[in-house]
Amino acid sequence: MALYWLPLLPLIGFLLLIVGGRWFSGTSGGWLGSGFIGAAFVVALVRFFGLSDVPAHETLWTWLPNMALGTGGVSANLNVGFYLDQLSSVMTLVITGVGFLIHVYSISYMREDARFTRFFALLNFFVAMMLILVLADSYPLMFVGWEGVGMASYLLIGFWFAGHKDHNAADGVNNSNAARKAFIMNRIGDLGFMLGMFLIYKVFGTLVIPELAGQEGTLAVTSRPLIELICLFLLVGAVGKSGQLPLTTWLPDAMAGPTPVSALIHAATMVTAGVYLIARSNFFYDLAPGASMWVAWAGGLTALYGALSALNQTDIKKILAYSTVSQLGYMFLAVGLHSYTAAIFHLVTHAFFKALLFLAAGAVIHALHEEQDVRKMGGLAKSMPFTHIVSLIGVLAISGIPIFAGFFSKDGILASAFAQNIPLYLIGLFVAFLTAFYMGRWYFLVWRGEYRGDTKLHPHDGDAVLSAPLGILAALATVGGFLNVPSFLGGGHVLDNFLGRAIPVHEHEILASTEWLATLIAVAVALAGLGWAFYEHRRRALQVGPLGQFSFQALYLDRLYTAVVGNGSKVISRGLDTVDNGVDGAMNGIVSNVGAPGWLVTIWQSGFVRAYALSMLLGTALIVGYWALKAIGGGL
Amino acid sequence: MITFLVLSLLTLVGGIITISVRNAVHASLGLVGTLLMVAGLYATLNASFLAATQVIVYAGAVMVLFLFVIMLLDANRPVEDANPLPFIAPLAGVGGAILAGAFAILAFTYKDPRPLAESTAALANGAPGPVGETLLTRFLLPFEAVSILLLVAVVGSVALVQRPAVQADPQTQPGAARLEGEVA
Amino acid sequence: MIHFFIFLPVLASLLIFLVPVRWREEFAGAAAGLTLAGGLWSWSVGGLSAYSINWIPALGVTYSVQMDGVSLLLGIVTAFMTLIAIIYAGKRIPNPGTMLSLILMMETGLLGIYAARDLVLFYVFFEDALIPALLMLAIYGKAHRMAALIKFAAYTLFGSLLMLISIIGVKYYGGSPTFALADLQAHPVTGTVQTWLFLGFLAAMAVKLPLFPMHAWLPDFHAQNHDSGVADVMGTLYKVGAYGLFRFGVILFPDAMLELRPILMALAAFTALYAAWIAFSQTDWKRLLAYAGLSHMGLVGLGIFSMNETAMIGALFLLAFQNVYTGALFLAAGMLQERVGSLSTKVGGIMTQAGALSGLTMTLWFASIAVPGLAGFIGEFSILLGAYQVSPWLAFLAGLSTIAAAAYALTAYQTTYWQVRPAGAVLAHDLRDLDWLILGAPVAVAIFFGIYSGPALALVQPVVRAWMNGLGGGV
Amino acid sequence: MESVPTSYYIALSGILFALGMIGVLTRRTAIMVFLSVELMLNAANLSLVAFARAWGDLVGQTAVFIVMTLAAAEVAIGLAIIVAIFRKRETTNVDDLASLKG
């Protein structure tokens, strides 16, 4: 199977569903859309098992002028081409696999929606773009997927642009604003990405990733500040897409979209594109210690920011959203420390457990008829036992409790931080503690205690279509960690070794005993966090989390942006509009001054025939008089 | 030479009368005088048929038309209201003087291309026969064009002066319809 | 064949008045379709070779025309959008004979501009295209059309006259026997004179590019034109300044362009950002689109002025395809006005009633704000990439316009098409029969050339390469 | 009989023409303007006839016939216009007809 089938299958699904939306009645559109993703998953599996040490590189057709290496001093045109190595193969599996599960889940979740088929069309479009992103063999093509997923994210966040269910006007405005905010903040990042590409082209004369990676000689002699600058530019792009500081505020707002969207796009796949970008550009970052430090610190601080903001949220999805921000921070921390494989490992496990948590939250929201406030939940473990169990697995996984997936992946990141940068390690540890607490808070508020909501509702587990993906994801969140068991625990670093065939793995010299200690500390911290949450739960003080408004307003960052950037640009825009009228006015002024002599002429155009005749006479007299004078002069 | 001087003097006097007297009838009479004197000049220039035509058509027919219109419109009253262009008269005087002087100067730089006696003979005294021959051979196309022009002018002037016919509106004359009905 | 391609529309524009009223739309459509077919045929045979004959020998004016890749691409796009505009005009404007005639007349002017290889001929076509544009505004415009018309005419004629002086100067100082481009190229003007002549030429091109501060006519021109947006399509096509600069400026005034490059690039980058930012606070679709188009033109100018091969290819690419989507957006705005009777960006909730209209409009907007995979991106990306090689800071400045573009486009889009339809508002019906073609065809073109740009690149790239090599590697 | 040189006739024609011109400019009644125009036409005719004699060619005289015909046509139309205007506006003052103001 050629690589282009991977994005092509979802694209066909998209086209079928968007053009022929009315041909598919009931849930058939959903099944069709899921089927295309499933088929793509099969292709991804086939290609995964067909992988060798030589990456597959398949080019298709000419696309952009002059952006690849050519011969004889003339640069060649850039082709659309796909590139599959171990890194992109893992990504395709996650995208199509998790994507397929979420598609199936959505068939049940979105059943009541009037634009059911449209929803699947957009989801398919998203998957196609995400696959282009990870399979791209050049930065511009990756940028296609990069903006494509942004576009899909825009459309899906704004899916309920006219408000959900009852066409609530304020709801519609909120959803639309959230979508726009996501797109614009992504665009800011994209400009950084573009500038990075421009600089890469300027230095290396090509934008094809294998060509760039193959230029070890040139890379080695290129001046370090230039490479640092390239890495910083790319970091801006990655920060925008992955919702890291300072471009983080769009991600929590993006929860305005339907829950499967939050699970697929804003937790499992799209937001990890930044991590992928940096991992893909490892040949640059390995040479740029300064920029890598920036990446690591951006990740560390974002992890902290997300965790602090999650402490006192009341929306069931917002808690998970800030948690995503925080977990993405972990991944950035890892890639910043050149532990690419650890980051990708966490990316994979995070995709499992965070998708699981979001889908479980979706099931709750569904069961409670669009109720999203955790203060109005509680005690649901009794009425929704299956969803409760899978949620518990998700919470344990994200908190880093042993044998669950999050334990192994987070431990890998903390271990590499411990080996390289102690302050970042401490931050990571603290965040792990906070993570355990706020996830514990989420769990206890939703599932334990007494039901505090509308008593007329009778929540119950979803149907089989809704539950099956939850079960599979729960299983993956449980065992996913065994993909990459570290050696001191008797594992073989399977994933590390697999990925190591494509991207560099930097071994850290840590004594097994130290590593044991670090792991124990991490587990202890996680248990402490959960314990604290349990303690607060017993005190019935969980509804108001720590830090109060400071946390609830997400450290006031969003307000700051709105006040400074949002309003600022509006004011400037109005100002420029006025200035433009001024430019117009100035031009008019010049014109009227130039036209002033023309006004004098109009006096003569009085409309009196005799005045015109006089002009003729004077003109004739002048000419004839001139002749006469000449004749006299000639005659004399 | 004497004839020429007398005739030209009278021509100019007629012209001055034409443009200066206030009464339109008097002015047109001055013009008639000028036209007659010009006819005389034509005669001295060996254009006898032209001189006759000038008297008959111009001094006769055209001027009668003028007088007729002047009488019809009662236009021999001078204009009384204030002149909106007071600067025209002096400027016109100056311009006219320059023009006249310039023409005169240019005229006297003109040398006859061949002896006048010789060329005068070729004119055959401007008799109707040779003139008609020229008109209907070399000038046939302009001649026909002018004929059409004249026809158009006649039709045009009739059309211009004609008052729109008042049309009977049946609705304002209810009697008419009733009468018809009675006849039926 | 080349004469057929250029003059068929004007012939049709005259003959249309002999056609019975009810067949005029079909007649105009057939003429435009035939012209487009001619263009596509020319493409299939790889362009039309040069044809030159003395026109006014006494003045050294020749009739030299040629359709090489760049001319052909722009010509085909012009023919395509003219066809779309005619189909729409026939549907939207009552008794459209005059409008159709004007559109066809303008098409000949535009095709002539692209084909002309003689400066005076270029000037003639340049002015020839102006007249129908003015008449469209005068006949079909809105209440304040006269002010807009005078402004438009004043700017254009001001520039044109300076250009005419330059054209004469180029021949005079260079000592060329004719105004044909080939002769002028063989007798170049050098030194300070070249700079001054270039400034004269630039005046006309800056008005037509348009470039800050010569752009003030543009928003009024679009805002005052007929609601249907047909005239705006032709107005968009008429922004040929960048083409003139590419075709004649680069060849005849290379030193001057290099010398003034920093200033001109800065001006172009500023135009791009400035216009995009102003567009953010517009509440009338036509004005918004006018500023959006201005912003794109700033980018095109940046590409041309940077004298970099990649950027120039991108600029010509963008120049060609922005016509498609900006033009189609004007028509979409016209359709919106037809349905709700307003061009305001605050009507709200159209998508809940007219899904296909909103969807296609959104796709066009995404093309317009250079989302990759659509035609606008290839142009903008190449321009910025090329400009970055010359001046990183200016590329960054112009790059900011891509953020502003997202802001203005999505804001206006969401308050018009998303959100909730106000209670009691008119019901907006969705696309009907020909509407599908009018919006669908440009969308298809934007997507096709965004993904598979090879054919268009193959047209533009060799010409630009030859052009740049003609400069003797000065860049 | 001695012949008067052509120059004299031309000079007379020029002076007559200038006189007519002054009349056109200074007189304000449409009729009077017309009379002055006739004067100018005759001046032109005179020069034509004089040149015809100088060259010994009848073409000049023939041209005068055509001019005369034109003058007749012009008078017919012109007077008709004057009558029409007079009916509409009760005036023959050319200064009242200033609607061509630029």
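Think of it as A, B, C and D in the order they're written, each chain with its own count starting at 1.
Note that in this section contacts are C-beta pairs under 8 Å (C-beta built on N, C-alpha and C of every residue); 3 or more make two chains touch, one makes a residue touch a chain.
Note that the structure is predicted; figures quoted are calculated from it, not measured.
S.K.: Give the chain pair, either A-C or A-D, that is connected by more C-beta contacts.
M.R.: Contact tally favours A-C.
S.K.: Using mean CA coordinates as chain centres, what's the chain B-chain C distance in Å?
M.R.: 60
S.K.: Quick check: how many Å separate the C-alpha centres of chain C and chain D?
M.R.: So the centroids are 57 Å from each other.
S.K.: Taking each chain's centre as its mean C-alpha position, how far apart are chain A and chain D in Å?
M.R.: Chain A and chain D have C-alpha centres separated by 90 Å.
S.K.: Centre to centre, by mean C-alpha position, how many angstrom separate chain A and chain C?
M.R.: Centre separation, chain A to chain C: 35 Å.
S.K.: Taking each residue of chain A in turn, which ones touch at least two of the other chains?
M.R.: 606, 608, 610, 614, 617
S.K.: Multi-chain contacts in chain D: which residues touch at least two other chains?
M.R.: 21, 25, 28, 95
S.K.: Please set out, as single numbers or ranges, the residues of chain B touching at least two other chains.
M.R.: 84-85, 88, 91-92, 95-96, 99, 102-103, 106, in rising order.
S.K.: Taking all chains into account, which pairs touch?
M.R.: Touching chain pairs, listed by label, are A-B, A-C, A-D, B-D.
S.K.: Using the touch rule from the top, collect the residues of chain C that touch chain A in their complex.
M.R.: 151, 154-155, 212-213, 216, 219-220, 274, 277-278, 280-282, 309-310, 313-314, 349, 351-352, 359, 366, 371-373, 377-378, 381-382, 384-385, 388-389, 392, 395-396, 399-400, 402-404, 406-407, 410-411, 414, 418-421, 451-454, 457, 460-461
S.K.: For a test of understanding, state which residues of chain D touch chain A in their complex under the given definition.
M.R.: Touch list, chain D to chain A: 21, 24-25, 28, 94-95, 97-102.
S.K.: If we count contacts the way the header does, which residues on chain B are in touch with chain D in the complex?
M.R.: Result: residues 1, 4, 8, 11-12, 15-16, 18-19, 24, 27-28, 31, 34-35, 38, 41-42, 44-47, 49-50, 53-54, 57-58, 61-62, 65-66, 69-70, 72-73, 75, 78-79, 81, 83-85, 88-89, 91-93, 95-97, 99-100, 102-104, 106-108, 110, 112-114, 116-124, 126, 130-131, 134-135, 138-139, 142-143, 146, 149-150, 152-154, 156-158, 160-161, 163 of chain B touch chain D.
S.K.: Please give the residue numbers of chain B that touch chain A in the complex, ascending.
M.R.: Contact set of chain B toward chain A: 84-85, 88, 91-92, 95-96, 98-99, 101-103, 105-106, 109.
S.K.: Per the contact definition, I'd like the list of chain A residues that touch chain D in the complex.
M.R.: My answer: residues 602, 605-610, 613-614, 617.
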